[in-house]
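Should a chain be cited, it is by its letter among A, B and C, assigned in written order, with residues numbered from 1 in that chain.
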């Protein structure tokens, strides 16, 4: 079943709110280039789509557009996004907000700054449970402890009352995954989930992600081809806001058709001294 | 810069271009400086000339644009005289504090030395120290008068600059280009002048207008309390103090110097704000 | 427990250094212009009076001896006697203290009541044109020195409208204008600080996480941004407290409010140095104590500061 379908998506500055421009500019100017243009893809339940590209290619913005997290000043200029068959554009603002955290779960890049330093880890889980599943605070707390145990955080009953600075980077990212998965979302989006972590920890987090899939779809955003290679069923390569290549992961990696993709792969091969991109199966 | 970072970067409510404040503040201050330089002479009357036939003339009267006070003295002349005094005092105090503070801040940024540690400790303690009280005590002992007040105000407020310079210098010292210069055995003086000072200019430029405004307020306050400029001298603080007896009958005696103080302070604040947006 | 004891000792050391530094500064202050006996005796003292002062205060001995006896007498809380009326200087200062405390408390309360809601509203970025206007009003008000505000308030409410008294210390009606005037020293700056903190908090990554779990704008502001923003502002607020003292000195004099600031100005005009000295020390100590209190409160409230009790989770990242 298709969980998310994106058709001809464009994202750019909203025309009524030019950022950082003085009002002295004549308003007859043509609008600037959209940051993301003509993007189309779909992800099915249980599938992992990797969106690969360098910084500034627009991959994070795409994720934000799906999750409804575009910052003020940016908006979807054209195209459609459908979540479980429902077009986002046709939804009320409140309905869209109800999707976030219940049908869509988001994992951010930097787990330290993504947690509120003056609130406990558990508070986020409890808030999510009370809001989307109408749990009582006591029940939500129980579920929160269970969720932390499910991501293999030690001593969940204590961790639920811990503050972010008391955990290590890897532990925080596990907690972030717990938050994203809490209400069993149909779609998980992970934005560079391992970039801020040590190499040893990265594999464990990726394994955790892969293992949490069950029937959810996962969009994994990364600039690291090796991460994509180890995890993804399909890969989409973005360059300057456009999709340059899309298809089955093995095919894209071994027989890339677009010049940019070829350059990306070549760069990784140089680093790993000629060995083919490792397609290691990650132990769940 | 990523697209997201650019889109989210919006300083508080800067709906208009940052140049606005800079230009308005700058122009206002320049105009005020010109007035100060021209001096009371342009008023057509002497600031100290007592004219008992023309006491309490309200503003906008012929011959006396801003009116006269309880002794018939022309307010325009007195305001201009006060402008010179306040402006000069505040400027000297700011310069003094900035020179001392910068020097000490640079010394304090050098972690190792005992001197550095001492300065840091003093600066930290000075943060919760009511400097105005100290200034008053100093005036009690040293006396009032232009040099005394300017010196005192400068001498008690150097920690403001010291703190800022210390923080900036510390981060500058830790940066690679400075380490490279040190490895090349560049002489200390050259190191400071060519590499460190330019890095400080931005933060100093922002602090100076605000500090100037604070000195202005402090000087007026001292005069207002009767501890500042000698009594009878035409300073804004004195004028405000004298006006208190006539609030019912001649409110302009208070409003005119009040407007003068506020205008100068706001101009300085505008300049400071504009610089901060531009340079931060 | 050990850590607390260490922190306590460090605090005591700071307090000690502060007092020692202030008293030493005052000691040399008096000797700045040459003959402290002349300053202490007053403007029109006769030579005989000056000589009497000199021997009473031991000013004819060597500097080291003077300093030692000075410190010793201060340790005994003997600040000498007021030159105006002979009462012990410290007692005189302490008598005036409660009135100042009252005014300072009222002023701080007034400033916070104005600054926090206003700062939050401005920082939350709603309100369009009204917000811009209010921001400029706050900026303009920051350009009004406190005594100008006081004079204008007196002009309006006491002289023109005669709603409130222009002077004195009798009953709550007389508290309003002085408290508002002292508050005006702080309120604009506090408002802008809180605004900046709230504005920054709304842009932070953890707010994005909150939105990712479906929090509404209102929930984001109240449950996620504000706890952070206000905690951050608390230390800034504490640092501003010292400016209340400046306000007290000026405003008390303006309103003939019988507090420590008014006494300071009077004593300075009369060159009553022992009292000036006593007031300086009392003020410095009080500000230090209040700042320490604010730090303590912060320590209790801000989890980040309580780093010494990490959850001992095993290193199974």
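Methods note: a residue touches a chain if its C-beta (ideal position, glycine included) is under 8 Å from a C-beta of that chain, and two chains touch if they have at least 3 such contacts.
Every value quoted in this text rests on a predicted model; they were computed, and no experiment measured them.
Set side by side, the interfaces B-C and A-C show unequal numbers of C-beta pairs in contact, with more at B-C. Centroid analysis (C-alpha atoms only) places A farthest from chain B.
A straight line joining the Cα centres of chain A and chain B is 51 Å long. The geometric centre of chain B is 21 Å away from that of chain C, both derived from CA atoms. If you average the CA atoms of chain A and of chain C, the two centres end up 49 Å from each other.
Residue positions of chain B with contacts to 2 or more other chains are 8, 10. Residues 14, 17-18, 21-22, 25-26, 29-30, 32-33, 39, 122-123, 125, 131-132, 135, 139-140, 142-145, 147-148, 151-152, 154-155, 159, 195-196, 199, 203, 239, 241-242, 245-246, 249-250, 253, 264-265, 267-269, 271, 273, 276-277, 279-280, 283-284, 287-288, 291 of chain C are the ones touching chain B in the complex.
By the touch criterion stated above, chain B contacts chain C in their complex at residues 8, 10, 12-13, 15, 121-122, 125, 127-130, 132-134, 136-143, 213, 217, 220-221, 224-227, 240, 243-244, 247-248, 251, 254, 258, 261-262, 265-266, 269, 273. Against chain C, in their complex, chain A makes its touches with residues 67-69, 97-102, 105-106, 108, 110, 113-119, 124, 127-128, 131-132, 152-155, 158-159, 162-163, 165-171, 176, 179-180, 182, 198, 200-201, 204.
For chain C in complex with chain A, the touching residues are 204-206, 208-216, 223-224, 227-228, 231, 302-304, 307, 310-311, 313-317.
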